[in-house]
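Next, two complexes with chain A in common: one pairs it with chain B, the other with chain C.
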Partner chain A sequence: MIGEKIRCLLAMLGTDVHSKGIRTLAQLLRDRGVEVIYLGEHNTADGLINALIAEDADVVGLSYSTATYLHYTRDLLVKMKAAGVDDVPVMLGGLIHADDEPELREMGVKGIFGPGSSMTQIVAFLQDVTGKTLTAP
Partner chain B sequence: MNAPPKPDETQRAADIAAHLEDVSVKLSRTATWSGIETQPSYGPEDIRDTDYARDLGNPGEYPYTRGAYSQMYRSRMWTLRNIVGYGSPEDTRDGIENAIRMGTAGINIVLDTLSQEAIDADHPVLSADAGQEGCSLPMVADFEILLKGIDVTRQDIAWHSTMMTYPMVVAMALRQGKDISKLQGSHMPDHLQLRLAGWSEAIVPAGLGHRTTVDCVEYSAKNSPKWALGCPQAYDIRERGMSAAGEIAIGMAIINQTFGDLIARGMHVDQVAPSMAWVSTSDIDFFEEIAKFRALRRVWARTMKERFGSVDARSQRLRLACHTSGRSLVYQQPLNNLSRAAVQTLAALLGGVQSVETCTYDEPICIPTEEARELATRTQQILANEIGAARTADPLGGSYYIEKLTNDVEAEALAMLAKIEGIGLIKAIEDGTIEGMMDEYNYRHQQELDSQQRIVVGVNKYLPKNSTLPKRFSLDPGRMTSHIQRFKERKAGRDMSVLRSKIDALYQVAHRRENSHQAMIDALVADGTTGEVWGTVRAANGLPYDPFRAIESPFQYPKP
Partner chain C sequence: MSDAIADAVRRGELRSVARLITRIEAGDPTIAATLRDLHAAAGNTPIIGITGPPGAGKSTLVDQMLARYRANGERVAVLAVDPSSPFSGGAILGDRVRMNRHNTDRGVFIRSMAARGRLGGLAQAAADALVVLDAMGWDRILVETVGVGQNEIDVLRHADTVLIVQTPAGGDTVQAVKAGILEVGDLFVVNKADTGSADRTVSALREAIEFRTHALGADAWHPPVPKTAATDNQGIAELLTAIDAHRRHLQDHPEQLALRRRAQARARVTEHLAEILRSRYLQPTNRSERFEAIIDEVVARRCDPSSAAARLLHD
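The block that comes next holds the complex of A and B.
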């Protein structure tokens, strides 16, 4: 679909304060025409899902710099399923260790953008999972 | 007779030529890492306006540009620090003992993300974070387990944390019957820095946070004058996204606001400033960081004397606590981080800092392993014993380049400081001006990486062919599970009538916007938890008890 904007919700879960990366990503995505719904840090899974439903986002992007991402992501995906919004693809970024990728994929994470990932890869992923084409603003 | 080269040989030669072109080191940037443009060389004309006595002074003399002490490392070696903290109090205690055996001079403790946000370890939504990235210390009893047999009025413990740490340590000392006027050690009371470094308005509102800093500094200066205050905590501000000049600007804005408020409460700058040390970073640009440390001492000295009327040299000579830059270390080919951290540590020493923690090379990957921490310690020992970094004070002083860069960093810092103070610091934080400055810095930085105007080895050039990641730190979760169980049991076994009366008193004091430190300490002595005590202060300030809004306060607060 051309002309319809990709709506991407960006958030962090738990007590992680390292939001530098996700703030920069928000700006870089906006530059490319993505409509970013920025929740920032310190969200609970319930709060995130409420926002997701209210905002009707196409994709959820989570960023992590602490080692608890397996726990928080699994918890979110279970609750998304219970809330009936598990059709919304989830992508992860930040300090994601390569060894954890199979487990994350298995629990249903669609995109993993750890260290060394590029904007080109993230943009290609967003277009692929949403079926929408980005046009610069 | 030479036969003409075969086609595949021609191709191989071309490949080699292309490869050589690719790997040869070229000047990729003429500006400093923070963006100050530099010249091919510098001479006397570049520092024509610099007056030695007025702008530099000998080491140990005003304005302390060349160092805080005349003999520098000959009289006081820098303190080799190594931070420890993970899991339960028992886990961290083991880590401290290992670090001391390895040659770490002081005990340096980092708290887990929950304790750093004054949230209890058994929080129903956040418990998974307990023991992550630091030690879980939700109540005084946990401090007692961690420090069993260690006398806090004799041992210098550096706490890498802000929220609730000082009241916790004082409460523990009081429970042990110690004289808190003899309390040793340090922590980092700067809450505005937290607000800017991702704690956000939800966890640390700027107004309440700043008032808590001022309360803490006032209480400590009056009651525990030997306790050192790492303020401002400019490290996190810089790591978050700031230039070298920006570190000075925002740090000084915090200092000016804090001193202004303390003076309004009737204190004198010389009652407080001698206890303070600036918590700084040493980032990747070697010369710029050295210039920053020098410019910073000069700005500090002049501010104390000219703006606040200090007459005590101890207030004017700034001491610097340095932790090398974590943001400059990269995940790709992590052993390269040993080189980065070594050069950053050298810059800190040539810049005349009083303590250094060298980052471990595995910092971007996991909680430091034992081996990585040992190597960080060895880096400093090599610099101290083999390289000759400690021999002579301010060894680069008088270099045309360093003096010019010192002037440039200072000028940029003062211009930024004037801009922030023009808006007003608290307002500039609340309205997002300062976060906007950081976002802008990070955005430009990323764009320059993408366009290769800025090269980071292994990240956007010279990519490793087959880099293996080091072993990850792993921790037996058994002790954490028992720690959380013990925490719940301890809470269930408390004398609630005593605690309730202390919580009531705290609420009243905090509601009147008075210094609530004594009341916080009293509640902690009565076995209040970090979440309960800070939650009560929050509630008294009209905020939700739990910033995540997942739990309600177990206490009934008086209706105001």
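The block that comes next holds the complex of A and C.
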């Protein structure tokens, strides 16, 4: 469809306050033509899901810098399923330990971008899961 | 026969609403019947427009207004428009950050919209989104835009009450006059009133408003200049009282309300006319050989641009 944009919700759950990474990602995605709906820190799973529905986001990105991500991500994915929005892909970024990747994949996380990930990888992922093309370089 | 999507909107099915707004934003022509259906029954919800320069505190103000409306038991929808990058077409829609506490409240619906590069199309998309929200039966609708360009100002035409948010650091009133916003505002809010010389800003604004309205007669609305400090939740009750006073003024002066509705309808139709012309002539895929032939003539200076446009329209 003409005028289709990738709408990506970026948020942090729980008490994690290290927002430098997610803010940088928001700007990098904007510069590649993505419409970023930025929710910032301290979100609850229920609040995030309501925002996700209202914004009709194509994809959700979560950033973590603390070791609580397994708990928070599982909680979100369970609640997304209950709300009927588990069709929206979820990606994770930040300090994600490689050992946890199988468990995250199993619970339904579609993209994991830990330390060393590149924008090229993230952009390729976004285009792949949304079926939309980014026109900006 | 009523439209299935329109019915879902009226039932308040949020995902249907959200997807419909996405299609409005994308300029999907297949939703025309849905919008026609919804438009017929719209026009009942008070729409409050909020604009002002970046950093004036608009989103924080909206957050406090939401809290107070919710405390009164009113259900409120918000349309938050943010600029797009002119370079990439992307955007960071960050207004929700200030309103996050309402995310878990089903009595509040917040939708962000990027201005995207469309010429005038923003006002059209925003107006259609407002029709959708209107049909859902909220008690109030708030629409927030950054007051930086004609596109954003045009969005405000669809509001019944327009708040222009200024700050004590916002420069003198020449800035306000320059931007042409004095004519648009129904209330001029001086936010961050706990900082700087708020009273001077208030009196300067009052003077500029009076200069414009003194000739309008006793029946005219005289925009008030309430002071707020949104981060400290100061002055919000007074602001809401002033908003209600403006609504009552329009109800008490049906001829003024009628003029406003007429201006809104005229703007809507004009936007659609412009959009039809734009898509007919400006979409690269729609540029006909005839169009390019006339452009060739203009390049060769055998025809001037104004005559060329006239000839295209009369084809």
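As a convention for this text, the second predicted complex is superposed on the first by the 133 of 137 C-alpha atoms of A that agree within 3 Å, B and C clash if a C-alpha of one lies under 4 Å from a C-alpha of the other, contacts with A are read in each partner's own complex, and residues count from 1 in each chain.
FYI, a residue touches a chain if its C-beta (ideal position, glycine included) is under 8 Å from a C-beta of that chain, and two chains touch if they have at least 3 such contacts.
Given the structure is predicted, the values throughout are model-derived calculations rather than measurements.
Visitor: For A:Q27, select first, second, both or neither according to whether it touches chain B, chain C, the two together, or no partner.
Guide: It touches chain B and chain C both.
Visitor: Under the stated touch criterion, which partner chain does A:Q121 make contact with: chain B (first), chain C (second), both, or neither?
Guide: neither
Visitor: Figure out whether A:D56 sits in contact with chain B (first) or chain C (second), or with both, or with neither.
Guide: After superposition on chain A, A:D56 lies in contact with chain C alone.
Visitor: Determine, under the contact definition given at the top, whether A:G40 touches first (chain B), second (chain C), both, or neither.
Guide: both
Visitor: Touch check for A:L48: first (chain B), second (chain C), both, or neither?
Guide: So A:L48 only meets chain C here.
Visitor: Please indicate which partner A:R7 is in contact with in the superposed arrangement: first for chain B, second for chain C, both, or neither.
Guide: In the superposed model, A:R7 contacts chain C only, not chain B.
Visitor: Classify the contacts of A:T133 with the two partner chains as first (chain B alone), second (chain C alone), both, or neither.
Guide: neither
Visitor: Pick out the shared contact residues on chain A: the ones touching chain B in one complex and chain C in the other.
Guide: On chain A, the overlap between the chain B and chain C contacts is residues 27, 40, 42, 44, 47.
Visitor: Can you list the chain C residues touching chain A in their complex?
Guide: Residue positions touching the partner: 14-15, 18-19, 21-23, 25-28, 84-85, 87-94, 96-97, 100, 103-104, 106, 109-112, 114, 116.
Visitor: Along chain A, where are the residues that touch chain B in the complex?
Guide: 14-20, 23-24, 27-28, 40-42, 44-45, 47, 66-68, 71-72, 95, 97-99, 114-116, 118-119
Visitor: Touching residues of chain B toward chain A in the complex: what are they?
Guide: 113-114, 116-117, 119, 125-126, 128-129, 132-133, 197-200, 202-203, 240-241, 330-332, 364-367, 438-439, 442-443, 446, 450, 459, 469, 472, 547-550
Visitor: In the complex, go through chain A and note every residue touching chain C.
Guide: Spelled out, the residues of chain A in touch with chain C are 1-5, 7, 26-27, 29-40, 42-44, 46-48, 50-51, 53-56, 84-85, 135-136.
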